[in-house]
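When the chains are written out, they are named A, B and C in that same order, and each has its own residue count from 1.
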Amino acid sequence: MNVIRAVGRLWLVPVTLVAWEIATRAAGQPFFPPPSATLARMGEMWLSGPPAHLLLTEQAMSDFGPSLARLFAGWALAAVLGVAAGVAIGCSPRLSGYLDPLIHLGRAVPPPLLVPFFLALLKLGTPAQLATIVFGIIWPILLNTIDGARTVDRQHLETARIFGFSTAQRLTRVIVPAAMPKIFAGLRLALSLALILLIVAEIFAGSGGLGYRLLSAQRTYLYADMWGCLVVLGLLGYLLNSAFLLLERRVLAWHRSARQTT
Amino acid sequence: MEHARVLRGVAGVAGFLAAAEIVGATGLIDDRFLPRMSTILRGAAELLADQEFLADARATLVAWGLGLLLTVAVAVPAGLALGALPPVERAVRPLIEFLRPIPSVAVIPLAILLFSDNLHLRVAVVVYAASWPIVINTIYALRDVDPLAKETLRSFGFGPVSVLLRVALPSAAPFIATGIRVAAGTAVILVISAELLAGGAEGVGIYIMEAAGGNRMDLMLGATLWAGLFGVLSNSALVAVERRLFRWHDVRAGAAR
Amino acid sequence: MLEITDLVHSYGSHRVLDGVSIRAAEGELVCVVGPSGCGKSTLLRSVAGLIRPTGGRVLIDGQPVERIPDNLAVVFQDYSRSLYPWMTAANNVALPLRRRGLDRRRRRDAAMAALDQVGLADAAEKYPWEMSGGMQQRVSIARALAYRPSLLLMDEPFGSVDAQTREDLEDLVLRVCAHHGMTTLLITHDIDESVYVGDRVIVLTRSPARVAADLPVDLGESRDQIATRQLDAFVRLRAEVGRLVRGGSPTPTVLEKH
């Protein structure tokens, strides 16, 4: 039953793949290798390693490892900075008055423009890449956190005052949990943005990782490799988003249910 | 209240500039890498008289504007078609779900192979990347149209096309507009990434690379500042247009709350 | 125990409280009743220290209220916004007890005891949104009880629940307030309720609020939802409060008794 439903939902995917396969074979165009060739190349590149390493090859390790590490490090750093600053700004109308124009300006700067700057200011490689990612993705986290902290229900705050919560308690038990739904929305946006900036950063400031592999494949006419990178990046984006949604559903169970009942 | 907010904003910006200038003046940071704030501002001012920069800015703007126009022309009808025809939308959805997570800049290397003209290349990557928010917003907006409003019109004997044009499109319009605003931001990132990656003769990205090559950090940051200001202005212009066009939407949403 | 003297409060040029004086003795349950929008909530918020009144004095145990007193608890009308939806009932009740310097175990014990008193011992691990409105308001009351305040403020505590639940909660409040000997100030717009629950009923006038009357309730200690409401004294007092709330003048006979 489930299988039938899945087929009903997904039928266009195999159809597209087959059509793509036929079209690319007929065209014989080097830029567009048939999907079968791309898939074979992906297996060769990344999944022909020893079983002890879950079939992952050395190259898979050197392509995915640093990229994922940068992605998560940049995301985590932006999350910590963005949430901390956002709670502070959201709790103080005065502070947000002073900082609003600067935040809007910072958010509007297209992050790729700063890559050459970070490269000159910081070392080539990880520091410049992290700076690019953090600067680019901190804005949605910051703005969402500010909004969340600013709009905590007045009665939640008054209850905290009545029962004499300490400042720390008020922050960790009331304001941050209440702002959590919005913080999570910001974190999810930031995650997909982080993947984009990771690629930008690796292409410009990198010497390894998926972005680097993507560009070098293109430059060395390895088109199946290039397509392989695209496919794997799509899968990665899909997996990250799904994993995050799962986490969100778990952490914010109270939020969804609370909204359904009221 | 509003007055105090503006004053605070001005004070915040002035304070930031002054603080950056003072830090620069102490010599804690090597000003070859991070020039003094006054130098950056002077650089930014100089740029306004710099023919080369103006030509670069124009090239970027043209690619951005054309890309966005084409995106709207492609993505809104596509979104409307998918939103109005649920069976098609259901069939296509898995494809969208597989394509959308591909980080949009990753298609630039592919586009470099396909387009030899720089403008075409930039416009193409903009259309690819900026279409998603518009298509998705349009689909969701059409799905949320009040069925009663549609049935009312249908009961007066209007056909499906006029229902789409007279009810569905207007009530979906605010969400489509939001999608376009998001798309405008994405488009800037894509144009500049394409400039940085694919090179070319003109563009803000090219200008910044050259300034970086010539160690002119002041011009680089000055140009970045202008890009940021342009982003703020274009975004608030779009917000203002949305507010003006869709005042009824705000009122209705406010009343529903 | 509680002394409110000449309390005045204005929002801008709009005067809400116009010289309100109320006294409550130790262990007394005083109901404040008045027409909607007459400033009852402003009164409660001034007593709780949530706002600083424009003029007048509030003394609790002889101490002026300058910030939020630590021997006071509030039960708000809107339980769904006063309980934290991200915490279980037990954690909601236990959280304020940190201020009492209790360790985790004793906080937990106190929370369980309070939940038991309001008949929710089985629901300790439930989240507020898994409970009915009446249950949530009981958690809110348990939270106030566990905190062991000497003064309990209740702002329309039964305003958002259905009639049956409302009666149950009224009896619950009567029982626990008597049991703990807490001084309680209960604000309501419901005339019946004020007479049924209160030891005394204070009637406020239409905005700006003044005290129209201060009526003792001679219905004895134990009350019953059916029997008490049928007593002549109850019916007479209810009529009197109703007349006053609608802006009538006090009937001399009732006042004489005071």
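Just so we're on the same page, a residue touches a chain if its C-beta (ideal position, glycine included) is under 8 Å from a C-beta of that chain, and two chains touch if they have at least 3 such contacts.
Note that the structure is a prediction, hence the values are computed from the model and not measured.
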Highest-count interface - the chain pair sharing the most C-beta contacts: A-B
Of all other chains, the one whose Cα centre sits farthest from chain C: B
Whole-Å gap between the CA centroids of chain A and chain C: 50
Centre-of-Cα separation between chain B and chain A, whole angstrom: 19
Separation of chain B from chain C, taking each centre as the mean of its C-alpha atoms, in whole Å: 54
Residues of chain A that touch chain B when the two form their complex: 9-13, 16, 31, 94, 97-102, 104-117, 119-121, 192, 195-196, 198-200, 203-204, 211, 214-215, 217-218, 223, 226-227, 229-230, 233-238, 240-241
Residues on chain B engaged by chain A in the complex (per definition of touch): 4-5, 8-13, 15-16, 33-34, 90-95, 97-107, 109-110, 112-114, 188-189, 192-193, 196-197, 204-205, 208-209, 211-212, 215, 217, 220-221, 223-225, 227-232, 235
In the complex, chain A residues that touch chain C: 153, 155-156, 158-159, 161-166, 169, 173-174, 177-178, 180, 254-255, 257-258, 260-262
In the complex, chain C residues that touch chain A: 48, 50, 68, 70, 72-74, 76, 78, 80-82, 84-87, 95-96, 98-99, 127-130, 143, 147
